[in-house]
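In what follows, structures are represented as structure tokens.
The two complexes that follow have chain A in common; it is paired with chain B in the first and with chain C in the second.
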Partner chain A sequence: MLEIRNLKVVFQTDRGVVKAVNGIDLSLERGKILGLVGESGSGKSMTLLSILRLVPYPGKIVEGEILFEGEDLLKKSASQMREIRGKDIAMIFQDPMTTLNPVFPVGEQIRESLRVHNIIKPEKEGILGFLRERDRRKKEYEKVVELMEKVGISYPEKRYFSYPHQFSGGMQQRAIIAIALSCNPKLLLADEPTTALDVTIQAQILDLLRQINEVNGTSIIFVTHDLAVAAEFCDEIAVMYAGQIVEKGPVDKVIEEPKHPYTKGLLRSIPKITRKKEKLYVIPGNVPDLAFLPPYGCPFYERCEEAVEECKEATIPLIEVSDGEFVRCIKYL
Partner chain B sequence: MYKVPLKDGVLDMENGTFIQIKNLKKYFIEEPDLLMKLVTKKKKRVVKAVDDISLDINKGETLGLVGESGCGKTTLGRTIVRLYEPTEGKIIFKGEDITEARGEKLKEYRKKAQIIFQNPYSSLNPRKTVRQILSVPLIASGVKDPHEREERIMYLLNRVGLNYRQMDSYPHEFSGGQRQRIGIARALAMSPEFIVADEPVSALDVSIQAQIINLLEELKEELNLTYLFIAHDLSVVYHVSDRVAVMYLGKIVEMGKTEDIFFNPLHPYTKALLSAIPSIDKSKRRERIILEGTVPSPVNPPKGCRFSTRCFVKKGKMCEEEEPELKEVEKGHFVACHLY
Partner chain C sequence: MSKKGVNAPFYSKVDGGIFMREAKVLKRVLYTIPIMLAIAITVFIFMRFTPGDPVDIMMGKESMVSQQDIELLKKEFNLDKPIYTQLYIFLANLLKGDLGKSITKGVPVIELIKETLPATIELALAALTLGILIGIPIGIISSVKQNSWLDRSIMAISFTGISMPSFWLGLILILIFSAKLNLLPSQGRINFLIYIPKVTGFYTIDSLLAGDWEAFLSSIRHLFLPALTLSAPLSAVLARVMRSSMLEVLRNDYVVFARAKGVPEKLVILKHAVRNALIPTVTVLGMEVGALLGGNMIVENVFGWPGIGRLVVNAIFDRDYPLVQGVVMFYAFTFVMANLLVDILYTYLDPKIEL
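Right, the complex of A and B next:
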């Protein structure tokens, strides 16, 4: 359904060319949930934004293909893209407070998406066109109320006219999900949708997203830095580091038998609730500066505990180690 | 200054209660201005952020404080270090009542009790260099000699894992984790005995989070510190705390040893909170209890048990009318619930 091939996004900055996304291959089947995991600056959000072609200036997609149902999104015109955004592919952003417009009622913001994509078609214009507009508005209002109910906003008729600041964080995120769902998208891009929320609210939102996935068959790409959330929620996981995918595969394989030293390190550094408390593992060093990445060799080389001399030189491809499981590490070459 | 009457004449200063909070309340009162008063019938609103909390922190222990946003955990932390004036109640630090402390007395207290803030991006002044940021607490604690001050700053930076050569850099030149280290160095500058860590790692990435947690643990060992560790991430709290207090809507609903809270939770809210933690270990995943709705507003909290509006094991009328008290059900394990 979605296939990304060798995607590259660069930012031309004063400090040099920052390779935010450096050759990513991903594919997603209908009805599946894919988790993109990585630390801040690993390029996971940029990958997501490039699918909608929303990479902010001075970023640019310089190479690659993004095939959505067989068509390359990178070759579409601006107006074609506008039709796809929100309708076929919808997005949920990280911070609900800044996503909603504070000066419009929440319901109106959900209705806007219905209107823009002509979900409820106007009847033929005539002398009494203005009456039909009223009719259309009413139908849209009803649809919005239905959507709000579906995402679990209580008293939708009343809440339709509330402003975003009158909603709690979880409710705002629900409203945003309602906007995303308004056109019944085939693909939902979720950029850390629960990071700004509390655990109990996070559980509610994840439950809602899972329902949407099961009932509507919507595919989801779920970006998160929380491995535990990804482990519970996704079918497949891709771990990103310095603009590259270092490991991807079915969730059980990646979490239970991690192959790449970075994935192993990440998993070990999460505090766990087990009877025995030990000191937390720390991956040595820091995330490399993307502007000064060496042109060859493994970007994780300096922090890797299992590194060998060749890691510094070799350009390592994504290697298939078992069915559907890929690792970018020299040990598996 | 008022001295606390000691129970049976005993208050072990070395190992005993270090900080005692007694019936602490912090209300924020929002009064409508004159015009609003005349035009509308708006009444004043009282937000009961911290409502009647009593707890003890022992010397050398880490007390974890968990709860959802808006439950008053940050307010409690800030009130304890006297960044907020308590509305009612008492804060007793090493046997001395500092609730009303002013001037020199307060200054003395602040030398001993410091705070690390949540957001390393907004808690450092962007116009000041690290040297300037760290000098302020040093001057306040009486290090007048510039050379001595410089030495102290070098020592502090070194201690928190930063290079002293970065002394004259501005906060924006540091990453999030490094900034949090500066925040920790600032808190350490006073050589405190007690530190309130207000969500010190929640703005950081997993791998950085582990670094900061380890640093805090090392410092505790080395400098014999006592922490009040506030966080909403339960697995972090589990990792650092000796005891845990769970807050809901301005009140403590459960308190006890970390193991007791995590492996034998009694209050339904604690159970729900624990079940909501995502886990990477499949076998550890508990049956999820998904709480309906959101936390009610602290302006007019529900009558009776505050959790009664979302509770899934409610006993009926009693829960809605009577407010449960915090009772000791097992040794050192306190619960505020009518079920026990």
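Right, the complex of A and C next:
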């Protein structure tokens, strides 16, 4: 249902052109959950925002195709795109505290998404416009209450009129999910939806997302920097590094037998209770500055433990190592 | 479990009961009493610091009036008593609601204020409306088109608007629109040949009530230049504040989220962003009411507008103590009330703020 081909997003900054997303290929089938894993600044969020064509200024999508149900989103007009946003493709953000508008009641913000996509159509009959409007509002209100109940907000009739600051972080994220669900989207883009929440709430939100996926058949792209969460939650995983996908494949294969040194490093750096008093593994070095990335060679070269001399020069494609499993590493060429 | 048992009133705000807001407003109104008292004392003392005595000024330098008559006059206005007694009399009368009698005009101060107040309010409201209608939309446009030539020129103009003294701007406008182009009148509130019955004291409203279109047009034409002069710095400040707070707001996640919901861009700006950006702008608006009051003294004098501003300037020159005190008290009261209004407005704009 979603296929991204050779997507490139650049930011024109004072220090030069930053290739935030540098030729990404991804595909997602209906009803599946795809995990997009990587460190901060690896281009995960930008990939999501490009799908909705909401890359912030001065960022720009310069190349590629984003096929959603066979149609290229990058070729849509602004108004067509607006209709897709929120209706066919919904997005939830990392920090619930800043995602809801602080000056409007939570329920009204959910109702707004019903309204902008005309989910509840006004009655054709009815004598007076304002009576029709009142009717429509009432139906929308009922639908919002139903949605709030569905995502696990208790006392929805009362909470409808609460403001975001009267909600806890977990509740806010639930309300945001209610907004995302309001139009029954085919695809849900979740940008680190649990990062800002504490662990118990995190589990609840993941359960909720899983439930949405199973009940509504909504496909999800789940962005996270936590490989452990991705392993548990996703059907497929794509690991990103410096704007590129370095490894992707079915979750079992990527987690059980990681091929790329970066994925291996990420997996090794997850703390385990069974390991005793052992110093936690850390991938040496830092994410490279995307403004000064050389046009050739492996971007992970500097930090890679398995690097060889050729890595510096060669342009490495994404190599299919087994069915559905891809790696961008010179060892598999 | 979640449905029954909770009967939140349909449009009640946060918990706290129906009369919470009213009670708090009343409390704030009562708080203004000590503030007003402090202002009264300050005004009284500062007025006595100014050199010269009202009776001396009234009589002229080489007065032909006998010393005895002067003493008599001073006695009538309690000027012969020690200052602390004068202060006591002033405050005691104030509590009774009596602002005293004008020394130069011999009329109760309250009458003079009543007479000139409508003119001033009419001008101030016109300037306020003009300032808001010009400043806020310009600020919004500027922020949306950030760094474009439009934005740059708007900001340049608004910078000029802030730095231009209003007496100068007033004179220039008179020079262009009245003297050169002969488009608009430069003095007074209405064509002096027109008579309209006094109802509210606002000539625009009174002429409408009388159904006199000619008078209405005349009063609007007279109002335009002084209101524009008075509103220039206001709209410039509002435009700048609105622009910067819009730019701040537009960077927020909830703006991106609104777009991701599929909200049309127009609504993203005008609903989601503007509502948030108005909060700091309203603060500035409250402060600017003070500037508006100060500005009207100058503008009323430039345009021959028979309002409180002109009254008080003349009263200061005449050392008409009771009149100056009365008008300043009135100014202070307006300023305090305007800020109370801003605070109340706040609670509607920002749900996080309570009174």
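Note that in this section the second predicted complex is superposed on the first by the 329 of 333 C-alpha atoms of A that agree within 3 Å, B and C clash if a C-alpha of one lies under 4 Å from a C-alpha of the other, contacts with A are read in each partner's own complex, and residues count from 1 in each chain.
As a working rule, contacts are C-beta pairs under 8 Å (C-beta built on N, C-alpha and C of every residue); 3 or more make two chains touch, one makes a residue touch a chain.
This structure is a prediction, so every number in the text was calculated from the model and none was measured.
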- Message: In the superposed model built on chain A, check whether chain B and chain C fit or clash.
- Response: fit
- Message: Quick check for you: in the superposed arrangement, does A:172 touch first (chain B), second (chain C), both or neither?
- Response: neither
- Query: After superposition on the shared chain, which partner residues are touched by A:149: those of chain B (first), chain C (second), both, or neither?
  - Reply: second
- Using the superposition on chain A described above, determine whether A:265 touches chain B (first), chain C (second), both, or neither. first
- Which partner does A:199 reach: the first (chain B), the second (chain C), both, or neither? first
- Task: Could you look at A:90 and tell me whether it touches chain B, chain C, both or neither (first, second, both, neither)?
- Result: second
- Touching A:227, do we find chain B (first), chain C (second), both, or neither? first
- By how many Å are the closest C-alpha atoms of chain B and chain C apart after the superposition? 5
- Message: Shared contact residues on chain A, chain B side and chain C side combined as an intersection?
- Response: 154
- Message: Using the touch definition from the top, list the residues of chain A that touch chain C in their complex.
- Response: 49, 52, 54, 56, 82-87, 90-91, 93, 95, 98-105, 112-113, 116-117, 149, 154-158, 161-163, 165-166, 176, 179, 183
- What part of chain B is in contact with chain A in the complex they form? 68-69, 175-177, 205-211, 213-214, 217, 232-236, 238-239, 259, 262-263, 272-273, 275-282, 284-285, 288, 290-291, 293-295
- Note on the structure: Counting only contacts in the complex, chain A reaches chain B at residues 39-40, 154, 168-171, 198-204, 207, 225-229, 231-233, 252, 255-256, 265-267, 269-273, 275, 277, 279-283, 286
- Name, in rising order, each residue of chain C that touches chain A in their complex. 1-3, 6, 8, 11-14, 252-254, 256-265, 267, 272, 275-276, 279, 349-352
